[in-house]
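Think of it as A, B, C and D in the order they're written, each chain with its own count starting at 1.
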Amino acid sequence: MTRFTPENPRSDFSIFTHHADLVYLDSTATTHKPDGVLDAMAAFLKEKNATVHRGIYGLSVEATDRCEHVRQQVKGFINAEKEEEIIFVKGATEAINLVAHSYGKAHVGKGDNIVISHMEHHANIVPWQQIIESEDQLRVCQITDEGELDLEHLKTLIDNQTKIVALTHVSNVLGTVNPIKECISYIREHSSAKILIDGAQAIAHMPVDVQDLDCDFYCFSGHKMYGPTGIGILYGKHDLLLKMPPYQTGGDMIEFVSFEKTTFAKPPARFEAGTPAIVEIIGLGAAIDYIQGITLERLQEIDMELFELANTELQSIPELNLIGTAAHKSPVFSFTIKGIHSHDVGTCMDQEHVAIRVGHHCAQPLMKRFGVPATARMSFACYNTSDDIERAIKALKKTIGFFI
Amino acid sequence: MTRFTPENPRSDFSIFTHHADLVYLDSTATTHKPDGVLDAMAAFLKEKNATVHRGIYGLSVEATDRCEHVRQQVKGFINAEKEEEIIFVKGATEAINLVAHSYGKAHVGKGDNIVISHMEHHANIVPWQQIIESEDQLRVCQITDEGELDLEHLKTLIDNQTKIVALTHVSNVLGTVNPIKECISYIREHSSAKILIDGAQAIAHMPVDVQDLDCDFYCFSGHKMYGPTGIGILYGKHDLLLKMPPYQTGGDMIEFVSFEKTTFAKPPARFEAGTPAIVEIIGLGAAIDYIQGITLERLQEIDMELFELANTELQSIPELNLIGTAAHKSPVFSFTIKGIHSHDVGTCMDQEHVAIRVGHHCAQPLMKRFGVPATARMSFACYNTSDDIERAIKALKKTIGFFI
Amino acid sequence: MSNLEHLYQEMILEHNKNPRHFQEVNPHTHYSHGHNPLCGDDYVVTLRVSSNHVIEEIGFKGDGCAISKASGSLMTQKLKGLTVEEALELKDNFISLITTDEEDVDVGKLIVLKGVKKFPVRVKCALLVWRALEDALTETSDSHEITTE
Amino acid sequence: MSNLEHLYQEMILEHNKNPRHFQEVNPHTHYSHGHNPLCGDDYVVTLRVSSNHVIEEIGFKGDGCAISKASGSLMTQKLKGLTVEEALELKDNFISLITTDEEDVDVGKLIVLKGVKKFPVRVKCALLVWRALEDALTETSDSHEITTE
């Protein structure tokens, strides 16, 4: 479906034709979309548009089949056991809210605890705060000065009152790739906690096998994996989902409705109230096609090349303080520059058409951990090149020269 | 932005080029999208794509401006007082869930009641059932045999324990246009209940002025108003929103996060957790452009023409039993045919390329009210023509002939 | 023959109008209530099975489309007198007929329902009474209430 | 002069490096804590105002970008010795300068911050200390904690 040119994925993205000058280093916030994804969405809307479920006419039957086909694709992509384990949601944020409210509320009582880490995105902090009664029910795993999970500390947090452990697969600030599989097997041995992995920053960068990981929930957003906004995935083990009450309610997720009593459909429908994000589901399918066309192996190679080059260059700037130097990292670089506020760095870089992110990156506790109000962040995706890195480093040096 | 040809909007919709034969009579489920909407979305993704909020670089600043511009457009479109009253949600279903959980949970206690009507869509029934403790807290306004709200009955339901009244503006099954303004002014006089209007079926068919209506909440979905899936609007009065706790939590809706205490941003941000449906917001803006290009007056004229013709034709079929014959109706026709199950009607019509909906239309209590397991439904939008009606009637007669 | 005439063969239309065994068996030994919430099809299947596992009486009663009703009528006709084992085998054959490409299934005149295969959304209509039958004879549900979609 | 040099004029860079009145006034009569949660800019503005409404002492202290810091430094320089009324008028003028197309505003050397107007996302940086000033002098918040975005 999607043409791909592994040698130079950049040409698959029209945005770089329209902005020939653009050095885009904010893929952690959102990736650009290859033309194949846009084309699939436009073709659907122009040729196939209809609602899904329950339609008896051809268009609707086909639209339903197309969406269910994407569910199968996602199942294959993350190696879920059953397609009923794949729930279409708005994005990673909604996925975590769903688990917190549907599973968490029913299972985390007085005296129970939830374990997260100090490197979580707000989306994997605040929903848990919302469902506990006292702050000490939220246990936070420390991280090391390099930005790695402190596994010894993690072990001290897990006990038989631990009901949920929610950890990010890859940090959106530090780039750290957490040893999720080892964590999960430790947790499994020492508690019956359910485990949610926030895969927002992992899904477009490494193969994910939920059965091999043995997590209970895994979630991610389409727009960070070359797909559209408005769509994301919650994976949940089928036997868990079967027992969970609905989150949002409305059409398409019920079995019977009467004013006296309403019964709900089986998963995944139970968790998909309302008209789904149909065209976005189609776009997500095309994004998976795109990734599988390039292959995750090739994407990992590109990451590695970009990582090595950028890491070397950034480390060679004496004024620059890199935050996050884990042994196993994704190409995400947060830093501060002595004497220059990140905001000023961002503005100066933008003048050179280098788009970086500055701020707290929805991770205020992490900022505090490293004693900084904000950082500048460069993050990479498959369309970035060594030329991008060169221009970014040049702009950075110019900025430093300007201020110091 | 969007080209429009008021005389014949049909040519604005490529789907009818690809399916020259298609008689699409399921716009109540989802409308088709004019090319202008697709083009706006594709252009954004190819030329402007970036995340919103907090970006310091040009693309992101522009994307943010574009999304906030759509918020302004929506404000104007429904005549809200302030742009902070416009919240981007996934769709009408999410909007109602948001109000039920954020406002309803905090304000509907033991002994209080919520008033809805017998013609509500499941999306405006089940969320309310979820937040009450006993079924008798949900009071249901009867409807007449014609499918109109029984206003005398409504009056008996409203008392000073009524905390919420949630009514549909237009019924998705009966086509009834409810006298919302009169209902609201009665409710205001006799209680302090907050009033939610489900505008899913009204928004593309008539001018909506939330200040004139004086409702507290109003909601609708983009995909039923010539816009994309994955986006909808919740309007809420500013002073109410200010006092409401968040619904979903995560990035973009917080002020400060620490593990001890988190504070939330002001509305609308407070209710927009996570990366918004950016490209869908752009698409919604283009859909409003499209509607305003044609003008709601012209859309109402088209509705009226289609209504008159279809109504006359359908009434002339003796085997056909029309359900919903209100004095003030939108072009939505539900019916049963004596001796033929709706499902069989749908299948036969589809063979003639006439796409109608059959089933309970997410309104099971309404089906029960009229003593039918299901109905067949034809619904119209601006791209329908008298030719469509002719072909539909012909197909219907053929179906009847086939079975009887 | 058009697709439509293939789906709604004469025999189906006839059974729809005059369904056989369209009643509850009383007293019965086996029971199941099958419902499809999406389209509203709703049937009760009742059977009286003898001690040597023969279906002595079978009936179905309820409301639904032509396909589901004809399917119930034809089912009850075929099953009366068979053993439970034979009935379940026939059920499997019937499911194969309308959901797989298998050509070589022995279902007798139930073959008239084969056209359903070309209408995937209608397959569940044809299956509903058979799922209820299965539930009645094998307790796939605790309550003998089943729903299909 | 490039946009950037227009934004970061010499005087701004200099005030960023050596902010004036970069301290808390003690004892003070007025106080506000201004914070921008998005970029982390965080300042406390303190004043000692005499009984005849003259600003005798003013200081600001905290952390933030060059724009916010220079804005604070220049603000405190300008305000010392003015009456509360004059200070609030200057605040309004300054806001006009960087948020409207008004050309004809009397703000003295604060004019060096005019370049911010071309950088809409940075306007709030320049405004933060002024919003805190306003809050300190007029109680726009109960707690004298304000946040801007």
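Note that in this section contacts are C-beta pairs under 8 Å (C-beta built on N, C-alpha and C of every residue); 3 or more make two chains touch, one makes a residue touch a chain.
These figures come from a predicted structure and were not determined experimentally.
*Asks:* Centre-to-centre on C-alpha atoms, which chain is most distant from subunit A?
*Replies:* Farthest from subunit A by mean C-alpha position: C.
*Asks:* Report which of B-D and B-C is connected by more C-beta pairs in contact.
*Replies:* Contact tally favours B-C.
*Asks:* How big is the gap, in whole Å, between where the Cα atoms of subunit C centre and where those of subunit D centre?
*Replies:* Measuring from centre to centre gives 80 Å for this pair.
*Asks:* What whole-number Å value describes the gap between the mean CA coordinates of subunit A and subunit C?
*Replies:* 47
*Asks:* Whole-Å distance, subunit B centre to subunit C centre, using C-alpha means?
*Replies:* Going by mean C-alpha positions, subunit B sits 39 Å from subunit C.
*Asks:* So which bits of subunit C are touching at least two other chains?
*Replies:* Residues 37-38, 121.
*Asks:* Residue numbers in subunit B touching 2 or more other chains?
*Replies:* If we look for residues of subunit B contacting two or more partner chains, we find 54-56, 254, 256, 343, 347, 358-359, 364.
*Asks:* Okay, in this complex, where on subunit A does subunit C touch?
*Replies:* By the definition above, subunit A touches subunit C via 53-56, 61, 254-256, 265.
*Asks:* Give every residue of subunit D touching subunit B within the complex, in rising order.
*Replies:* Those in contact with subunit B are residues 37-38, 120-121, 147, 149.
*Asks:* Please name which positions on subunit A make contact with subunit B in the complex.
*Replies:* Answer in residue numbers: 14-15, 18-19, 22, 24, 26, 29-30, 32-33, 35, 38, 41-42, 45-47, 49-51, 54-60, 90-94, 96-97, 121-123, 125-127, 129-130, 135, 138, 140, 221, 223, 228-231, 246, 248-252, 254, 256-262, 273-280, 343, 346-347, 349-350, 353-359, 362, 364-365, 368.
*Asks:* Given the complex with subunit A, which residues does subunit D contribute to the contact?
*Replies:* That would be residues 2-4, 7-8, 13, 37-42, 63-67, 119, 121-122, 125 of subunit D.
*Asks:* Mind listing the subunit A positions that touch subunit D in their complex?
*Replies:* Going by the criterion above, the answer is residues 340-344, 347-348, 351, 358-360, 364, 367, 372-374, 402-403.
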